[in-house]
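A single structure is presented below for examination.
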Amino acid sequence: MILEEIYKEEIEKAKILVEALPYIKKFSGKIVVIKYGGKAMDNDQIKKMIMQDIVLMKYVGLHPVIVHGGGPEINKMLKRVNIESKFVNGLRITDKETMEIVEMVLVGKINKEITSLINQLGGSAIGLSGKDANLLIAKKDISNGDIGYVGEIVDVNKEFLITILKDGYIPVIAPCAIGIDGNTYNVNADTAAGKIASILKADKLILLTDVAGILRDRKDERSIISQINYQDSKELLNSNLITEGMIPKLKCCIQAVEEGVERAHIIDGRIPHSLILEIFTKKGIGTMITKESYNNENF
Amino acid sequence: MILEEIYKEEIEKAKILVEALPYIKKFSGKIVVIKYGGKAMDNDQIKKMIMQDIVLMKYVGLHPVIVHGGGPEINKMLKRVNIESKFVNGLRITDKETMEIVEMVLVGKINKEITSLINQLGGSAIGLSGKDANLLIAKKDISNGDIGYVGEIVDVNKEFLITILKDGYIPVIAPCAIGIDGNTYNVNADTAAGKIASILKADKLILLTDVAGILRDRKDERSIISQINYQDSKELLNSNLITEGMIPKLKCCIQAVEEGVERAHIIDGRIPHSLILEIFTKKGIGTMITKESYNNENF
Amino acid sequence: MILEEIYKEEIEKAKILVEALPYIKKFSGKIVVIKYGGKAMDNDQIKKMIMQDIVLMKYVGLHPVIVHGGGPEINKMLKRVNIESKFVNGLRITDKETMEIVEMVLVGKINKEITSLINQLGGSAIGLSGKDANLLIAKKDISNGDIGYVGEIVDVNKEFLITILKDGYIPVIAPCAIGIDGNTYNVNADTAAGKIASILKADKLILLTDVAGILRDRKDERSIISQINYQDSKELLNSNLITEGMIPKLKCCIQAVEEGVERAHIIDGRIPHSLILEIFTKKGIGTMITKESYNNENF
Amino acid sequence: MILEEIYKEEIEKAKILVEALPYIKKFSGKIVVIKYGGKAMDNDQIKKMIMQDIVLMKYVGLHPVIVHGGGPEINKMLKRVNIESKFVNGLRITDKETMEIVEMVLVGKINKEITSLINQLGGSAIGLSGKDANLLIAKKDISNGDIGYVGEIVDVNKEFLITILKDGYIPVIAPCAIGIDGNTYNVNADTAAGKIASILKADKLILLTDVAGILRDRKDERSIISQINYQDSKELLNSNLITEGMIPKLKCCIQAVEEGVERAHIIDGRIPHSLILEIFTKKGIGTMITKESYNNENF
Amino acid sequence: MILEEIYKEEIEKAKILVEALPYIKKFSGKIVVIKYGGKAMDNDQIKKMIMQDIVLMKYVGLHPVIVHGGGPEINKMLKRVNIESKFVNGLRITDKETMEIVEMVLVGKINKEITSLINQLGGSAIGLSGKDANLLIAKKDISNGDIGYVGEIVDVNKEFLITILKDGYIPVIAPCAIGIDGNTYNVNADTAAGKIASILKADKLILLTDVAGILRDRKDERSIISQINYQDSKELLNSNLITEGMIPKLKCCIQAVEEGVERAHIIDGRIPHSLILEIFTKKGIGTMITKESYNNENF
Amino acid sequence: MILEEIYKEEIEKAKILVEALPYIKKFSGKIVVIKYGGKAMDNDQIKKMIMQDIVLMKYVGLHPVIVHGGGPEINKMLKRVNIESKFVNGLRITDKETMEIVEMVLVGKINKEITSLINQLGGSAIGLSGKDANLLIAKKDISNGDIGYVGEIVDVNKEFLITILKDGYIPVIAPCAIGIDGNTYNVNADTAAGKIASILKADKLILLTDVAGILRDRKDERSIISQINYQDSKELLNSNLITEGMIPKLKCCIQAVEEGVERAHIIDGRIPHSLILEIFTKKGIGTMITKESYNNENF
């Protein structure tokens, strides 16, 4: 038929859409918590693609939840207002003044930009901080001594998040928590995402990072460990395979899986449409940390 | 990055998925009534692709409703049980015995095959005849004289269909109606689809046919009329552009649009993934009959 | 009063209605699964009375579910299309061609006739096959060797049935199941009814048969065993009291009771209004298989 | 069959139950307001039959609402506490002391007896006075001069009654209203029933009286007018066919029909199961006042 | 500011309202069962204040349930109808005739007065007796021999009460129960309140009495025991601190707490706004019987 | 009684609570939009009192909605980052850089402080900007020429706000809107509050200001106009009674009333518990703009 000729390209596209069907079906109604941060925040094109991916996820039946970091905006603003960053053992000391700037940038700038971008792309997002409806309750994190207003999450308002998801909204969460002492605390975005995922019993926790995943050979992205169960990954922590920056991310994934999240992923957010690649294609990308020691499912 | 190299093909696929987002968003929650019949029923591969398209539609938020015809199966069975087909002016006389066979084949064979195929592909279909919950009520159609148990729909159980759609099922409807006189009536599948679409105030009525659409030059599929408003198409009816077989299909589309359906489509069901092409790509296929005389929307 | 004279007959009727009140109250909201088959299908008058009984049950607050057999229609049709019935050890071999005819007759003819009759009598029935919403899932039954597409139910879509009952419909189920291998399977209607009853935790399973019930003396219907607990009835199976045809029926009742159905009944469907007699009168009819060894309730 | 012999009587009963089906279907979900009073209150057997009828109505899907009068109990109690009944033009003067006794007897005795009897018969009744949830609001009725705390209903709490009916309860209402001046008012039970029926848009208002209905010849119950439209009945009011006691009852029926009640009935409550006769048999009893001048329906 | 001068008094009032906030928050959504009886029923001013308190409680989010006694009205009426009160060991023998008068007064007079008063004050009350919806089921109380129709509650229709509370109504309950033998029984109002509170798992049971609470020195109201746990109070029962009249009240409180009520209170109903004092002020009044041996909460 | 002596003070407080009942009843379920800004933001004690008032309002059944301004924090921050404020005709030019700082302070600081304070006081607040769920849509306001990103609200997401209110939350809204051009716009908080109130059909719009209300004599707060209808207030606009700062506030009130708000209030937010004074006391404070020309209600 001549028509098939004319529509050749469109038919190819249609086939690709239909190929996604098993994945759409598999994840329909599932909650996916996505940590968005790092270099993926700087590049406007990548940012837009990630948000498109998230809106698509929502429209085809998943429930994405976004937790974002602060990226270089915070440092830029601190510098602008002449707040000098002090460090103890490489950790920034967050005094009250710093915390105020951090909160303003995270909640008043980055959070709103993401929220707004999603809404422009056709989704319906609500930007939230941990203070809204007491979403994130924290206590002072003293695991590295007293470095100021750095918190550890002790509770998440699960009911509030579930209501928002059911109502069709995409929650975009800035990791500023309200302390049990009434102060504002900065919490690590990876850890916050992990905690939110485990409390929501999410199907997936996805950390968007600046690396390909966990590599057997740091210099070769082809050496990536595609899948590993969480117990084996504990051993990895003690090996020298894992770079310093990867350690907290892997720990966060392990804990999330231990606390009930089905799968945790470390993927490279700089890859175009990395979320779609991970969720809707057979290949998947990055490293997946699972509960089971062997995953013999077809997808 | 080397990763982008590795995932090149997948990224292209992801882009195509994302391209569908505006269409998914546009039709989210909309009802689409699809008449499935003709040669598209004979080819197993085409059949499967159509059902995949329908399942995909359901998963991404549309509400497809299928009305199917009988295809060659009915003739085959009539022959097998030695019922001779009698015709008056080219119209088959449907006596009680014929009607029984027609119903058995439509409801007990074709309907169940479609239902079953959709379920295998991951959807959740319910096969219905016009007798279930008095879904289709008919009276004798005497517009061509008394040719037996051929009916004209006088009522559709809208509430029942809406309930099924809301519950997440795909209704698959065999066009056998219950008469107001208690007899069984065969109704034309195109007309049934049109009536169901107008009662459901569907967004789209799509007739899957064996032709490219309405052509200006019957010998050239490239001469297709992509879009025409329903008043202009009435004039077409009187022209010699329209083949005999197309006349009732076009009439059916015109009536549906007059009765509140947003758009009616005549498309070639033999094209792979024709439904996806029509709904989720910019180009669209076939001929679209609309209410408005000029459609300046972007899609 | 002269009025009492005039209305003497009506008052008697009213008294009879009021006598039914305790039974209506007792079974309000309960599920009753009815296997309808055998000779009760041939007689139009009996058929109508059974359907009236079922509609009445629905209107006074019970939830009837019908599972029907095929009766002589199947054989008639097989003969008509020249399919010779082959038997092994008295069991019909159901090849693909036979299965197709069986399905067409069960789903496309008998099921629709019952559905339509109920609707004419004022109920609202939906005819279903095991393929609709994957209602009945089966695997090949090899307990008698490979005799073709004869299946054993492995799952019932309970949620779908409950939804239909709550929405006020009467489900009419043809015992054609979808195999886990994708093929169509014929399942025994008694067994299907029993399985459906136990999955729905029905209050009653009623098998409408061609005999009075289980008789102590086969030649004397007055020797009927009115009530027996399911453990005692297991012993009956080994006695010579039970005719060959009764064995699978009794087994089916025993299993249903073991799996949670309150009471299973074998009654004579040829008795006018046998269902009403069983449910709404003190006497009851047929044989009742119960969980308890002694039933001292008043009804 | 010998079984049919044995069950002959039961089968007859079953037939009678089934005969009621069209009526059950017709009135399913309909509201019926019943005024219960007069001699039908004195006879314990009749009282029980009426309450059985009402419970049966509820179980088969109607929504009965009862408004009761006081019968001779009020006079007995007034006498017992030495309150002398004073009359002006045949109307009792209801002073505060009298009103208190009337309320105590109506609300604290008769209402509770009826409520309790219904509950014993398997229904679930709630006894209410006009003061509960401000069910009946009245103003002083001065149409016969100032005769004390005799009221005219100005408002009914429809929402409250609907809630009770939906929750499955049978409301039993004593016609004591709360005045807009805060005082307690006695209202005529017939009028209260009529008002409640019209506000609820009831399908039927049934006045249970001590007479056969409206007779053409007062001495012959056979001369009863079975059906009359409300406009014709207005002319009857001016004729000498209507006895004095019947005038307010007929007026009440006419007004109810004018205000939206489908049918109003004056029937003889002393006839056993008069309500069942009226609703569930073809003959019906008493006099029916309708909107239409000619009733050609089948029932 | 001059304005602060002008509004000085109002600002003081506003402060008092705001001071109530922690208590309003604490008891939001909680059920409080209040026994209203004794001298607090005689004084119209006190009665009005108590009902205002109850309406306020409902408006600010609590769910009050009222159980009332009969006060002197019953005796007055018994005297008026010449029923001589007979006593055995100080307990009144309640024969059928007495029971009838008791019910008429409780249900037909006192209950309606309270209901009506609440409605006038802006609440929405429903007056109920134990017969409505079988709210209170009793058996004969023979703990003091056969003294007639005196009952002991064996069941409460919890679901009915919860529905009424959720619908926004204030239930006002007269302690007349329906016997399992079908007779009417008088039940002690304190005990009824206690039973209702424990079945509803109320947060508070409050007995409005004519005394300040439990006093260490009967002659000094300042010697009041403000708080005592229920085990310690059992010992009190055997001491001579408790007056005869207080014994059943204290027993009732102990039992309620044992059966799951959070706190039981004996307070002086004659104090203006005693309910508000107890619930919305820091001081509280009367004696509180608790589960815990030490209450270190802030309120 | 000695107890009355002891509880004298508490009884006085209880009386005050009860006095609020008619107001609580009157406003139960009503929406009140409160503009919070100006000097009432600087004083921590006043701020706390206002938030207490709001929490109390929510607990006693009203639905407060807060719209806040920026106060001096914005200027402080602009200064800190060396953004010079440029003015045209006294209006600040809001360029992109300024807008970014404004948004950070409003959304990331002030909004979160208010939200957090309410939550600490026992309410459950959600902080929102106009970007969340596209809450506030704006277009460029060119009524004063092009002064940058200053917007005029063209749409409010009413459904989203209603959902939040029904779920029990207090929305706290920062007046940063999303432009139809995708840019961020600063909108005047008074106007935003007015628009939100009129779209929600609020019962009250309350502007918390730094003045007593509209005064007849600017130097005497006693000369306040307590109540004026919106048509009369239009004339006021042209008089010299109104100060420059008051003009936009009064205009905003007039427009809100014209668009369906019942009452608009200009009150002095610096008065302790000014909101409680306005809503729950007879006197009321400030100036009320109403629809009706004369308000003869009792409150």
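Here the chain labels run A, B, C, D, E and F in written order, and each chain numbers its own residues starting at 1.
We adopt the following convention: a contact is a pair of C-beta atoms (placed from the backbone, for glycine too) under 8 Å apart; a residue touches a chain by one contact, two chains touch by 3 or more.
For clarity, every value in this text was computed on a predicted model and none was experimentally measured.
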item	value
For chain C and chain D, chains touching each	none
Fewest touching-chain hops separating chain A from chain C	2
Furthest chain, CA centroid comparison against chain C	F
Copy pair chain A, chain F: interface residue numbering same or different (half cut)	same
Greatest separation from chain B - chain, by CA centre	E
Centre-of-Cα separation between chain E and chain D, whole angstrom	37
Separation of mean Cα positions, chain B and chain A [Å, integer]	43
Euclidean distance of C-alpha centroids - chain B vs chain D, Å	55
Two or more partner chains touched - positions in chain C	none
Footprint of chain C on chain D - complex, ascending	1-4, 6-7, 10-11, 13-22, 24-25, 28, 49, 52-53, 55-56, 59-61, 121-122, 212, 221-222, 268, 270-273, 276-277, 280-281, 283, 285
Of chain B, residues touching chain C in the complex	80-81, 100, 103-109, 112, 115-116, 119-120, 124-129, 131-134, 163, 167, 169, 176, 178, 182, 184
